[in-house]
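Beneath this line is the structure, given in structure tokens, with notes to follow.
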Amino acid sequence: MQKLGMGQAVNQALREEMHRDPNVFIAGEGVGVSIHVNPMFPTTGLLEEFGPGRVKDTPVSEAAIAGLAVGAAEAGLRPVVEIMFNPFFTLASDMIVNHAAKLRYLSGGKSSFPLVVRIKSGAGFGAGCQHSHNLEAWAAHCPGLKVVMPSTSADAKGMLKSAIRDDNPVIFIEHMGLYFAPMPVPEEEYLTPLGKADIKRQGSDLTVVTWSGMLGPAMSAAQKLSQEGIEAEIVDLRTLTPLDKETILSSVKKTGRLIVMHEATRTGGFAGEIAAVVMEEGFSYLKAPLRRVTGPDIPVPASPPLERFYIPGEEDLIKAAKEIV
Amino acid sequence: MQKLGMGQAVNQALREEMHRDPNVFIAGEGVGVSIHVNPMFPTTGLLEEFGPGRVKDTPVSEAAIAGLAVGAAEAGLRPVVEIMFNPFFTLASDMIVNHAAKLRYLSGGKSSFPLVVRIKSGAGFGAGCQHSHNLEAWAAHCPGLKVVMPSTSADAKGMLKSAIRDDNPVIFIEHMGLYFAPMPVPEEEYLTPLGKADIKRQGSDLTVVTWSGMLGPAMSAAQKLSQEGIEAEIVDLRTLTPLDKETILSSVKKTGRLIVMHEATRTGGFAGEIAAVVMEEGFSYLKAPLRRVTGPDIPVPASPPLERFYIPGEEDLIKAAKEIV
Amino acid sequence: MEIPTQKKIEMLETMLLSRKFSDSLVELCKIQGKIPGMMILSTGQEAVGSGVCAALEPGDVIITNHRSHNHLLSKGADPKELMAEIFCKKTGCNKGKSGTLHLAVPEVNAPCTTTVVGGTLPIAVGRAFAQQYREESAITVCFFGDGAANEGSFHEALNLAALWQLPVIFLCENNLYAGAQRYEEHTRVIDLAKRAGAYGMPGVIVDGNDVQAVYAAARDARQRALEGGGPTLIECKTYRCRGHGETDPQHYQPRDEIKQWQEKCPIPRLSDELVSSRVISSEELKGMESRAEKIVEDAIRFAEESPYPEPHEALEDVYV
Amino acid sequence: MEIPTQKKIEMLETMLLSRKFSDSLVELCKIQGKIPGMMILSTGQEAVGSGVCAALEPGDVIITNHRSHNHLLSKGADPKELMAEIFCKKTGCNKGKSGTLHLAVPEVNAPCTTTVVGGTLPIAVGRAFAQQYREESAITVCFFGDGAANEGSFHEALNLAALWQLPVIFLCENNLYAGAQRYEEHTRVIDLAKRAGAYGMPGVIVDGNDVQAVYAAARDARQRALEGGGPTLIECKTYRCRGHGETDPQHYQPRDEIKQWQEKCPIPRLSDELVSSRVISSEELKGMESRAEKIVEDAIRFAEESPYPEPHEALEDVYV
């Protein structure tokens, strides 16, 4: 099987969908000509393949980029626009939250907005909190949006293809740290459904719900825990909304213990939602307190020791697991 | 004691603080000359009292309004700016989230941003989801901000005064439904601390954590429940961040049961945070599953029967309480 | 270029219909509980929507804002469904989800109406981009107010549209007020049309109370756009004769200012011309007026007799 | 008005210092692990920060962006603390929290640096508002790039500043590129200075590689602002001689374009004049160069020898 970084997987998905459907186009700052000439990046080579009519470099204008997607989607095109870094979601958020997510509802179901907003996210590249700020919880709090955050290259490819074919606005968040980690990706055409979590590791002692960049540390922590006789089940959420409650609940039913791990800051993070769902609908399964393994409630600092302190890791998960098993 | 709507209480707080400190000014769309000539509104009469130098009507430019606050606050002024309706927070969110909240941290503590952003919020006036969208959970997920959401006129006054004197950026969210409900407000000078929840009703059977427009229905539901022998303790959160965990936890310790009630949509709402805190730190207290009484996961519709369906009410809380007691 | 007589009559009809529609809403919304929410009218500004839409073909698209009734009626939206939606009824064009503020009528190519000030502009850019992408022979018109011209979205949208030479008309309805702030209180630029120059785009100033001038400007801009000449910013100078909404006491609008502008009402301006030049007779004018009245009466009856949506319908239409 | 000799020498000094500073960073950031994060330099653009800051008094404020080193050094920031911060060390001006991208130096009235493109503009409006509110005899300079001029924040900020006649200079450093997009790919307007007209504000075009012209334009705009004449938009036409950041291969920048602009380097342009007009001797110039070199060497040594912050210090400085 081919091994691809997540950027390459995204690139393949875009390429396949653009070949399949002439209504698909991409737009964003440097999606065509880029300051990165790197095959690991998601849009490398697309301009050469599809031309400037379908690969649109834009001015530095996030609201216009998002509005472009809203208007073009209403017309039946399938825009895939890029927000360069997650904090700049703020600048596009009126168009995404008040328009892409709401105009269908306000129209009584008459208009629809089949668009994808790709967002690069994640700490770990020393740029600080104006580049690194995980805001998936914002999008997940907005009915009308779907929020996808894959953890593997294979899922990224299959889910981006599903997102492009979905008739609703989809926020597709890519962790940049995963661009450089080659992982197996099937060669043949496939779609990965939105809204289904994936159990990436079976275990009987505790459930770890995680997504995006945290799957890696969660998996390696699970391996270490296993050596000490603790078997963690790793639920890779993949889609935040619509939330796959069923998979979470049946895992917790089995293990009786829940840890949620995400890179975003703790307070108000999406771990809270998962905690609430389990506490509402799986209360009787629970044998131990919840643990959240998350970024601390601080902006992401630039200096390497500080940034490493920010990013939750394997050790934090191991510690949390031992506290409750 | 004087009886004031929340708008009047806010008005008094602004007036007192502007008299006390010449560095306080207010700005926003129509904070001076307004399309509402109504003594129940928060900024009525301030232009006449303090003049156009300190009561600044602005163009319809939310990013500039928020930036005005950021820059002026850094200089040591104490801006109180208004975002007319909560959904327009999106347009100001880059300035608030990436700048007001982060620049102090990025400066290593050298710069500071003593500003207040007042936001009018709440469903119930038939305007639909582009005017009514409760986004407190967004702000509460941003370290560097404080988020205040009072439920009574007295708290609004005392907390706004504290917010203005606080050296950090404070998001102060007012529920418009409360503007028209006269409530007692002390005449004398007082400050209500940020970060302290307030138990508005003592009870032994379950804890209801709520805030803003939902306190009213929660209190009346509690009264009805009491007639049926169920004593609800009503914790008025008042401040979302910093979160008063202590008050929540000691209440749940006493009652063993938790309901969180808010007007915002369910998924990703701040109820999740409270659930998670209790599940982490008060797990052993819990005798029953959590219930969340919230708006459903839909945008706020305009039509009265639909909008009423959206807004959580007394009956919903009573039903939830009976499910778990 | 001459304006065809048929167009003139059509414009008079849509202006009359819009005016009757608004006038009846003025009364209706005084009755407690009859119409929920805000009531934002464009009384006195009818030449803008009527003139612009007369210059469009059915395949052309409009994206409009909170002050949309005149635009939508002129584009051919069904008055009954509009009225029912304003009444928040189940039979409204948006099943009561929108109410008066976000009326979407994709059937007449008015698919997105937004009440976020400035929101129309980036969406219109996207809609026009689709037209260019598909090489359609159609354009998009984006309506917005003078207040909206100070939102960041205005800037980003006009810049992008000019850069890509998109087939879009940015139609600024400068009614001298944004909420309670008069024009001079929100910008120092004397004519908003001048802002076109900041993007390398033509800018045109039009007497917004002269429906024929509006029509001609829109027709020219449309033609340019279809020929690949890109977007145009048209500033229609007009006046908000009523308050921002119907609860606004207009205490900040000088009485004589209102009066002066009422005298410039676009409807008699056209009808007088048509009658005096014998294009129509006074009787025909009366006939047109009563037809408009009848349409509005029927619409109101339809709206009043229609049921509200069932509460649980609130759960529908969030996702496809 | 003549430019005082002392100013010319000062500008030459800050340009030399900035250039040495950048040149050393070019090398340092090639060494794996030495400098974390991005490395964004303004090599060749030094005339802008040096010329502007020479026209300011210490009480004047600058708000700057991701390409800030030259602005901050010219405003008098301590090179050691800057360098240590770029190295992400505890002794840096921001304790390692900022790194190279958000260097804040309130001691020299450079209190906010933001790497959100366009972010400087509304903040500068607020800072200038405070100066007006307090009737200070001081102004604010807002630095931003040609790319930032297409953000909505540009529009809202310039409109508000003009409306309120705030004492601010909007200093657009047009280096012909925003990321990998050349100027023509992000707007159709030929000169960004023209956008001033959209707000009723004066706009000035300056040769951004002529430090004396930059100085003069900033001095005039500052004077106007102090006299209550409000804001000015100054467009300095210059060129980004290096990549957007140091990992950018510049594959999209024509080689001869780079070369042509390197020949317009602002430093010899001033030093040649000063030497040929005998204001300074070649020896004095050499002395200035080696002083700059020494300052940078000391700064690097200081940065290298400084410790990193302790991990738990990440928790500090969020709230007052």
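Order as written gives the chain letters A, B, C and D; numbering starts at 1 within each chain.
In the analysis below, a residue touches a chain if its C-beta (ideal position, glycine included) is under 8 Å from a C-beta of that chain, and two chains touch if they have at least 3 such contacts.
Fair warning: this is a prediction, and the values are worked out from it, not measured in the lab.
Colleague: Sort the other chains by how far their Cα centres are from that of chain B and give me the top one.
Modeller: D
Colleague: Based only on mean CA positions, could you tell me how far chain A sits from chain C in angstrom?
Modeller: So the centroids are 40 Å from each other.
Colleague: Just how far, in Å, is the C-alpha centre of chain B from the one of chain A?
Modeller: 30
Colleague: Measure off the straight-line distance from the CA centroid of chain B to the CA centroid of chain C, and report it in whole Å.
Modeller: About 36 Å, centre to centre.
Colleague: Residues of chain C that contact two or more other chains, please.
Modeller: 96-98, 102, 114, 116, 150-153, 156, 159, 163, 185-187, 318
Colleague: Quick one: which residues in chain B touch 2 or more of the other chains?
Modeller: Within chain B, residues 58-59, 61-63, 87-88, 91, 94, 98, 105-106, 128, 130, 143-144, 297-299, 301-302 contact more than one other chain.
Colleague: Classify the inter-chain contact topology: is it line, ring, star, complete, or other?
Modeller: complete
Colleague: Report the residues of chain B in contact with chain C in the complex, numbered from low to high.
Modeller: 29-30, 33-37, 57-63, 87-88, 91, 125-128, 130-131, 296-299, 301-310
Colleague: Under the stated contact criterion, what part of chain D meets chain B in this complex?
Modeller: Contacts found on chain D: 61, 63, 92-98, 102, 104, 106, 111-114, 116, 119, 121-131, 133-134, 140, 152-153, 156-157, 159-160, 163-164, 316-320.
Colleague: In their shared complex, at which residues does chain B touch chain D?
Modeller: 25, 53, 56, 58-59, 61-64, 66-77, 79, 94-95, 98-99, 103-112, 114, 143-144, 146, 166-168
Colleague: So in the complex, which bits of chain C are touching chain B?
Modeller: On the chain C side, the touching residues are 36-38, 88-89, 96-102, 114-118, 147-148, 150-152, 178-181, 185-187, 243-245, 247-249, 251-252, 308-315, 318.
Colleague: Along chain C, where are the residues that touch chain D in the complex?
Modeller: 150-156, 159, 162-163, 185-190, 194-195, 197-201
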